[in-house]
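The structure is given below, and queries will be raised subsequently.
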Amino acid sequence: MNVSLLTILSAYLAAAILIGVAPTRFRRSTIATAAAVMVGTLVWVLDQAGSVVNGDVHIETLRWIPSLSVAFELRIDALAITFISLISGVGLGIVAFSGAYMRTKPRFNRFLSLIVMFAGAMIGLSATDNVFGLFVFWELTTITSYLLVGFDDEKAGSRSAALQAVLTTGLGGLALLGGLVLLAQAAGTASLAGIVASPPTGIVATVGLSLALVGAFTKSAQAPFHFWLPGAMAAPTPASAYLHSATMVKAGILLLLRLAPGFNTASIWTPVVVSVGLATMVIGAWRALRQTDLKLLLAYGTVSQLGFMTALVGFGSPAMLHAALAVLISHALFKSALFLTVGAIDSTAGTRDIRKLSGVGLQHPLLALTGALAAASMAGIAPLLGFVTKEAAFAALIDAQKWAPLAIIAASSAATAAYSLKFWWGAFATKPQSPEHAGGDPAPLRTIRTLIAAPLILASAGVVLGLAPGIVDRLVYAFAPGAKLVLWPGWKAALAVSATVVVLGVIMHIKRESIDRAQQRFVGGRLSRISADEAYQWTIVALNRVADRITGVVQHGSLPLYLAVILTAVIAAPMVAFGFAGGVPTLPTGPFSLPEAGMALLVVAPALAALRVSSRMVAVLLLGAVGYAMAGIFVLYGAPDLALTLLLVETVVIAIFAFVLSRLPRHFEIMVWRIRSAVRAAVAVGVGGFVAAAALLASGQRNPGPSPSAAYRDLAPAAGGKNIVNVILTDFRALDTLGEITVIATAAIGVAALISGFRTPVEEAE
Amino acid sequence: MNVRQSLLAETGSRTVVPTIFIVSLFLLVVGHDAPGGGFVGGLLAGAALLVVFLSGGRNEVRTLLPLHPRSLVGLGMAVSITVASLGLVFGSSFLDAGKITLDLWLVGEISAGSSLLFDVGVYLVVVGLVATVLMELGRPEESAS
Amino acid sequence: MTAVVGLLLVIPLGAVALTLLLPKLVWRRSVSLIASTATLIASVAVLFGVDGDGPIIVNVGGWEAPLGIALVADRFAALMLSVSAAALLGVLIFAVGQRDNDRAFPSFHAVYQTLAAGVVLAFLTGDLFTLFVAFEIMLTASYVLITHRAGPEQIRATMTYVVVGLVASGLFLVGIGLIYAATGTVNLADLSVRLAEVDPALRTAIGWLFFMVFGIKAAIFPLFFWLPDSYPTAVAPVTAIFAGLLTKVGVYAIIRTQTLLFPADKPSTPILLIAGLTMVIGVLGAIAQGDIKRILSFHIISQIGYMIMGLGFFTVAGIAAAIVFIVHQVVVKTVMFLVGGLVENSSGTGRLKEVAGVLHKFPVIAVLFLPAALSLAGLPPFSGFVGKLALVQAGFESGRWLVVAVSLFASVLTLFSMTKIWSGAFWGTPTDNLVRAPAATMVMATGGLVALSLVIGLAGQPLLEIATRAAGDLLSQESYRAAVLVSGS
Amino acid sequence: MSPVLAITAGALFAAGTYLIMQRLLTRIVIGLGLIGHGANLLLLGSGGPPGAAPFTDQAGQAMSDPLPQALVLTAIVITFGTTAFLMALAYRSHALTLSDAVEDDQEDRRISEANRRSAA
């Protein structure tokens, strides 16, 4: 089949748009559309798998911004095939389940559209080799997940959970972007395969790698960024099953898997990745044991399992990578099945609370079987896929003689087995009547049957693949050659570990009450107060407070203060620059003319007098006096046009001003200043001094080159005039004059609009 | 203002105002060769309007103006821009004023041509501004809302 | 082609005259819409012409520079013209669609076209004093637009805007006086020759004076205070066009003068410092606000920091990135304010506490908001991502890690602020005040600009190529001088 | 430029600056007027030493540089326009609020004061 992946991605985009705009009544058609796209992908991927498993790599390229090395180079290899299978396979189940679960909701089409959009972005992410293209899809999944987590947006909890998710992964995304740019620049290529093939070293590469790791950790909910994932459970359950267990949170693991072959020898790789992974695994398992909401239990279980995979990738050896990918596959299958099971329980019993649920297993045995299969896989019980993959991980750890990590992982796995049991027991067991028991009305049986289909198939896949691990093995082997996955490994150490883990898990479940008490005691202790979630909340509060503080200080709203700051900044910048550039102020020289000094005095005196007067009218007259004296200076400087103009302007302005003032109070009101007059005086003297000094310095630079005035004089007759200034205005620089009358015209409009624009909101009769 | 004062002012403005107008036109025309030009001319005409305003008030100004102030401004802009774009129409450059003589229908001695016409636009816009200000400020005062 | 450049000024100015004279609203609307459409077509034509055949020089009046005024349409100017013309047209359609604007204010179209003329002249002029005139045209028009229909609160806000604007104009004149005193010319090409002969310390000082003077218009730190106090008070289309264009004209002037007159050959730490502070203080200001228009106003400031950062590297890659970023911002910022206007138009308020659930009541507004907001936050595959990635790469190439880190951090905060609007106004149970469905014309105008922003993102490569050529032109002052001082028509 | 002219321009700027840094729009208009005068003086002085008025028939004599004069003229006209607008603004402000004072921005004050309260 000769369909390119780009075509498939376009199909997702088109389907998402179609579904998004479809009217509500077309629900069946939209479900069919979404399912068709996923089935198509599944068929395509199975068709590709044959050659890819044999080591072929298909490459497709769509260029976007070659100058920035941004392209969508799709590299369809074993890892991509694995992910695309999971995305489309699980996605099909999600679509089917959603159709039964929430079809009656009014905004169902919008939900489905987002799911399809997300699936497309995730497929692109899994296959893109260009680091920037990867980032594009990465952020697309962030955005769609934001919209999905906040889907029930009438609830404030959904909105804040969505914010938390988008901020955390968004922050990680930008760290990733920075890291990718650095890695690409250090390696000289933007191809992930190229970077990994010849990994750059040195400080730039290390910083880049660290930033990329931060990106991966946030996306895969690794400690200390794990807090957003349980919050994201505010999303509708099918979305949680899809995004927050099977696909999106695996994107970080995917990135780690892609980077590992090149960077597993980097100095920071193993210590950082392994310790983060182990810490996350322990924290997740610990928290999962304490949950009474089935969905939250699964969410923390997901955190724990993601830590497991991360730790395995951190060791970096082929066998470990092999195991990590295998765990990832089995986890996607059983966790999506479990989430959907919770959705079905929620539908039928009206609650997800272990303390309230009772007897669901008897009512819906098929659902209980589904839950059992999936939970057993999670617990690592033979012969399910969960057992096979966990066994592979133990074997790899034993071969590498990583005893301490093995102990931690085994202990966490025991906890996993324990919370798996707790899950099944809590969901399906018939418990002694508790006072809180308030099971909702059972939903009609038909609905339940349609709800069971998808999780049952996903859970059964775990059985089939567990019994025939060869299929998974071939994929995993194509990615990282190593030991084979086998159902029956023989009597080896790993099997003993597996068995011990399960037994411990069962004991933990039986002794759950004492464990619970132990945890309670611990929670009272100091350590547990350091909660990542609280750190997040604190950060947001602090951010808002800092923003308010700084803005309150900077944006105080007072015009006089604004002007003082602006003027100071404007004159300070050139002065500082002048000093730094080694400029030396020179003393003013030049001819001293007595008439000029006299006129200058006439200009300055009324200007200074205007500072203190209390009468508006006197102040205006003083301004006029300054203007008339200015006209005198213009005459001295051979500028009769200017003098004439200024005289007329001042006369008209003062007349108009006087008219305006006749309507205002005669004296200035006494105002409370926000700045003291000493400060104002200092700024004023600074500005004046700057202007005077700069003018003197600048005119000292004048090169006695050819004067432009001579050229104007020579050419003025050609322009037909004797008054050179006027010729400049109407001819040489007529454009300025055109601009100037535009200003005048606009001012006229403005005056009219300000004063009469108010009274006549309707068009004036002409 | 009593009757005598206003009569005095009115006769004063009757003689003064036409004189100022004529001087303003003179300044407009001679601008290319002597101090003056469209802006100064327009401003002086505005000063004449001011005298009318101070003596006769807003309505007197309204009757004196041939057009609504906004149209006066618009006309001025239109004149100047037409002159400016003549250069484009005649194939030379934008605002290429000096090279086009429009003395076909202008009296011979005013051969400055389009430059003068350009200044007429300036003159009209400036008169329009002063007229607008007077008309608007002269509106009967409304109380603060 | 030189005639087309002349037309770019004749069209809006002619429209000013006509709209002042025409008595009927429908005629004024037609003239204004035709003029803006023609400006857009002419701008795009100039862009293609210039990108192919090099800069177009028009010696206005037939007088050669430096005696006369030269209009210089190079790639940078043409790019800015085209995107600004698109924003002007989009906002004009929106304003006409909103109906109140030009009914209540008979001269709306005249002032709007004046604003357009000022912007066009500012981009085209090759003369420092004409740039001053262009700024005055643009600003006076903006003073009138912002006071239109002003109540007591708006009058107060307007005063801040007008007074700061006039102070900046006075300081601009001081700069021109200093530069003329030192060189005897105001022609930019001529200045780039003569300033090289001026004492370096004094040249640097004058360079900084111009940086700060234009910085007031561009609203950089610490000169931006006037902006968030004044912009939000105007009616939606007015705020939108201010947000889209005015500060960018200031940035244009900064880039033009700093590259042509005061070139540097290495990254400028003080400029990068200002850029970083502008980004961070701006975005923190946005976080502190509770009103859509005020949030967006602070984002204008924050985003200006990115443009200044691109300039601060003084490399082709950096300036090209800045140009791409400006082009993207002109469109996206306009769209954001138009969307804010749509929300206000529907509910009568833009306060996040008083409006919610727009997504459910009027989903079309949400569909318009989302791509623009994500673009503003620099998320792929939208236009903001192209500019931001280009800036990040340029920054790393210049070895300026810190400012790049700051810019990425500011991006996260921008995202935070965008989600605040989304979560506050678009999500939630619809409030009762959501009563007026947006008019189809307003939606179409906004949608057209959203589409343009998507195109800018998708066509990132050709845009970046033109911007890179434009940046190359800017950094080789010789080509500008040669074009202006020798050739011309 | 003669020191006298430079200092005069500086003094006008200083006086204007002092006047604009307060609240009453009438004072601000006067301050801006002084700043405008100062800028024009500076621009005029940038043309070099004074000479005869620039007319073509005065060839031979040392002539003042006509270009700054033209620029100043344009600047004066523009200032005239903006001053007219400012006066209308002051008038309008008075009609609306019975004062021409520029008050602080209310939204800004709200945030500043919320801070002060939370700090206290």
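Note that the chains take the letters A, B, C and D in the order they are written out, and that residue 1 is the start of every chain.
Note that a contact is a pair of C-beta atoms (placed from the backbone, for glycine too) under 8 Å apart; a residue touches a chain by one contact, two chains touch by 3 or more.
These figures come from a predicted structure and were not determined experimentally.
Common partners of chain B and chain C, by the touch rule above, are A, D.
Across A-D and C-D, it is A-D that has more C-beta pairs touching. Averaged Cα coordinates give chain A a centre that lies 46 Å from the centre of chain D. Centre-to-centre separation of chain B and chain D, using mean CA positions: 26 Å.
Here the spacing of chain A and chain B, counted between their Cα centres, is 61 Å.
Among the residues of chain C, those in touch with two or more other chains are 9, 13, 16, 20, 60-61, 106-107, 110, 129, 133, 136, 140, 143-144, 147, 150, 159-160, 163, 167, 174, 177-178, 181, 184, 228-229, 288-289.
Multi-chain contact residues of chain A, defined as those touching 2 or more other chains: 548, 551-552, 555, 557, 559, 563, 567, 640-641, 645, 649, 652, 656, 660, 663, 691, 695, 698-699, 702, 707-708, 712, 721-723, 729, 731-752, 754-755, 766.
Residue positions of chain D touching 2 or more other chains, listed in rising order: 1, 13, 16, 20, 38, 40, 42, 45-48, 55, 65, 67, 71, 73-74, 77-78, 80-82, 84-85, 87-89, 91-92, 94, 96-97, 102, 105-108, 111. Residues 640-641, 644-645, 648-649, 651-652, 655-656, 659-660, 663, 718-723, 726-727, 729-731, 734-735, 737-738, 740-742, 744-745, 747-749, 751-752, 754-756, 759, 766 of chain A touch chain B in their complex. Of all residues in chain A, those touching chain C in their complex are 63-68, 70, 132, 135-136, 139-140, 142-143, 146, 150, 153-154, 159, 162-163, 166-167, 170-171, 174-175, 177-178, 181-182, 185, 543-544, 546-548, 550-552, 554-555, 557, 559, 562-563, 565-567, 569-570, 573-578, 580-584, 691, 694-695, 697-699, 701-703, 705, 707-708, 711-712, 715, 731-736, 738-740, 742-743, 745-747, 749-750, 752-754, 757-758, 761-764, 766.
Residues 1-24, 26-27, 29-30, 33-34, 37-38, 40-42, 44-57, 59, 63-67, 69-74, 76-78, 80-85, 87-92, 94, 99-102, 104-109, 111-112, 114-116, 118 of chain D are the ones that touch chain A when the two sit in their complex. Contact residues on chain B toward chain C in their complex (touch as defined above): 70-71, 73-75, 77-78, 81, 84-85, 87-88, 92-99.
Only residues 33-34, 39, 43, 129, 133, 136-137, 141-142, 144-145 of chain B touch chain D when the two sit together in their complex.
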